[in-house]
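Here subunit A shows up in two complexes: once beside subunit B, once beside subunit C.
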Partner chain A sequence: MMDEYAIGLIVALIAIIITFVAAFREKNDIHRLIIADLAEVSALAVIALIATDLAEALIIPGLVVGISELMALSEIYLVREHLTHPVKNPFRIEVLDTAPAIIAVILVVYGIVLCGFTGGAVAGTGMVFYFMGKRPAERFALVETVSGYAWALWIVAFFIFMVVPEYWFFAVMLAGGAILAKVTAKMSLIGTMRGEKDV
Partner chain B sequence: MNPELILGFIILLAGVAATAFPRERDYISRLIHVEIAATGLMLVMLAYNETIALLTFVAVTAIATIVLIRVIERGEPCD
Partner chain C sequence: MFELPTSSIGGEELFVLPFGDIVNYFTPYTGALFLFALIFTLICIFSKPEKQLDVAFGTDAIYAKDVTGKDLHFRRFMAIACGVATMGAVTSGDVFNFTLFVSMVGICIIGIVASVKNKHVLNAAFNYGIISMLATVPLFGGAAITLAATGTLSIWELSAIAPAMPGIAKALILVGVMGEGIAPFYAAKAELFRAPGAPYVIMIHVSSLLMFLRVVEIMLTV
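Right, the complex of A and B next:
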């Protein structure tokens, strides 16, 4: 009888082989982008099988690299095909008209509770949904101001660690809140990518 | 092996096969098939108690979907 890890490894390898066969046979560029996303999922399955803290430590950077790779490839595709002008008739997605306010509030509050990098990512996802759905005009001045103050707070927290280490808890809270605001601000910029022509 | 793990493997394989060889060569339906495979991976992570990886994967999958939708709605329609 094979153990759990061997069975899982065989399943994940079958998934990877199917993905790469499909990637070789595909000629259309957008289909290839979607298959690149699928390859990320099936490759993460191999790492998830390790089933310890090591798996989490390997999966999170893999996810970040994967999403930035996907964004870079899609940007290259759009520039190469001269598709950078604003879209003429965008999709009408009903969920993006009604849900963003509620989802944004839930995710931002949950992100604040989580704190730190993961909290910033969750809160940022909420703001991505909000900006995607509502298509606001220019709010970048405010977002950039908050981001700048957060960076300053982060540096202040580092100086507290160096100079007065006995106030470490205050510095940890300061750095956690600052990185939360910073990641949230950066990710909310992603949410405006569909919108106006100059973003 | 617990039920979540077995279900996760089955859904992962089904989603990968459906994305690789779709019945309708349509961008949106293929994107939804990728979500099926992602659901399988999430069940595998759930079975192994990888909480933070699961949370981050949910957030990143939402952003990846939005990035791909942006490409699809600007690109030319499928053949």
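Right, the complex of A and C next:
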């Protein structure tokens, strides 16, 4: 009788072998790219099989490496195939000119009430909707600046935790607010991905 | 039987920097590798890019390809990042950190090659990128199997209980480093197509060579 780790490892290795065979047989470049990403996911599965806290901590850098390689390669693919400019005009819907502001305000206010990571996600959804409805390039520099300051505040909160732990409540509030702004700004980036120049 | 005079291939440790159980260290061997990477990073920082000359056939004329502005900044930044990642890889005292640095070197190499806007060069960068993405699978897989089999990733603890690392994990990490270190073949393609490369392309060769030398040391120690 084998233990669970061995069984899981065998299954993961079979998956890896299948993806590698597929990667070497495939000739279409965009399909090869997707298959290579699949292979990375199976590597994450091998790490996850260890099933400890350390494995959890190792998955995140593995995931980051995989995503950054995927983004770099897709950018190379786009430049190589001259796909950097959109082929058709973005569509316009009348209600998207008026509604986003109201819905975005509701979501952002509710996100601020929630605070922290969840609040950032809710507020970010509102911002995504706003930027998708309005013109993409609108005031984006401001959002970027806010995101930068939020990151700095987050780091300051960490230093407070380490250097003067007795002010932990202030640090928690600082980190919560900063991560709210940070996640919001990150998500509103998605809303601007409409193929405008330099976006 | 012949026996090595010391248990570790690189000799006595010269300098140790502990972060918890992740202990970065220099031995004379890795110190030499680190200095090598440092020197070539400095070369990349301070040297001016090469101006390549193309002959126009049938005439006496030549074209000089100039690397300026944004292109230059990006390639230089990528070369420096590649050098720093290599330095991290040679000093790292943790198997997983080593694999992460190796894949970071791979990403930087993609950046160095891909900054030339030439279809053939971009093709080479894309193909290398696919290989390097696939190579992260055996790299991380080997590190994960090591952790599962021995319960630690620290090279110090692994070398204390050597031979602890399972053979399959060693083989996987070696295959992974070979996949990431295959870059010079693709970089050669960029040079063949007369894309202006020097001195930044040198960083590709240096980093893959140093990764091979370091992985041999790790494999013999643990």
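Everything that follows uses one rule, which is that the second predicted complex is superposed on the first by the 114 of 199 C-alpha atoms of A that agree within 3 Å, B and C clash if a C-alpha of one lies under 4 Å from a C-alpha of the other, contacts with A are read in each partner's own complex, and residues count from 1 in each chain.
Just so we're on the same page, a contact is a pair of C-beta atoms (placed from the backbone, for glycine too) under 8 Å apart; a residue touches a chain by one contact, two chains touch by 3 or more.
Quantities reported herein were computed from a predicted structural model and do not represent experimental measurements.
Of the two partner chains, subunit C is the only one touched by A:Tyr5; subunit B is not. In the superposition on chain A, contact of A:Asn28 is made with subunit B only, not with subunit C. Of the two partner chains placed around the shared chain by superposition, neither subunit B nor subunit C is touched by A:Ser147. In the superposition on chain A, A:Ile76 contacts subunit C only, with no contact to subunit B. Of the two partner chains placed by superposition, only subunit C is touched by A:Pro61; subunit B is not. When the two complexes are overlaid on their common chain A, residue A:Leu49 makes contact with subunit B and with subunit C alike.
By the touch criterion stated above, A:Ala15 is placed in contact with subunit B alone, subunit C being left untouched.
Of the two partner chains placed by the overlay, neither subunit B nor subunit C lies in contact with A:Thr184.
One of subunit B and subunit C touches more residues of subunit A, and that partner is B. Once the two complexes are overlaid on chain A, the subunit A residues touched by subunit B in the first and by subunit C in the second are 29, 33, 37, 42, 44, 49, 55, 66, 70, 77.
On subunit C, the positions that touch subunit A within their shared complex are 96, 100, 103-104, 106-107, 110-111, 114, 117, 119, 122-123, 125-126, 129-130, 132-134, 136-137, 139-141, 143-145, 147-148, 153. Interface of subunit A with subunit C (complex): residues 5, 9, 16, 20, 23, 29, 32-33, 36-37, 39-40, 42-44, 46-47, 49-50, 54-55, 58, 61-62, 65-66, 68-70, 72-73, 76-77, 79-80.
Considering their complex, residues 4, 7-8, 11-12, 14-15, 18-19, 21-22, 28-31, 33-35, 37-38, 41-42, 44-45, 48-49, 51, 55-56, 59-60, 63-64, 66-67, 70-71, 74, 77-78, 81, 83, 87, 90-91, 118, 121-122, 124-125, 128-129, 132, 187, 190-191, 193-194 of subunit A touch subunit B. Contacts from subunit B toward subunit A in the complex involve residues 1, 5, 9, 12-13, 15-17, 19-21, 25, 27, 30-31, 34, 37-38, 40-41, 44-45, 48-53, 55-57, 59-60, 62-64, 66-75, 78-79.
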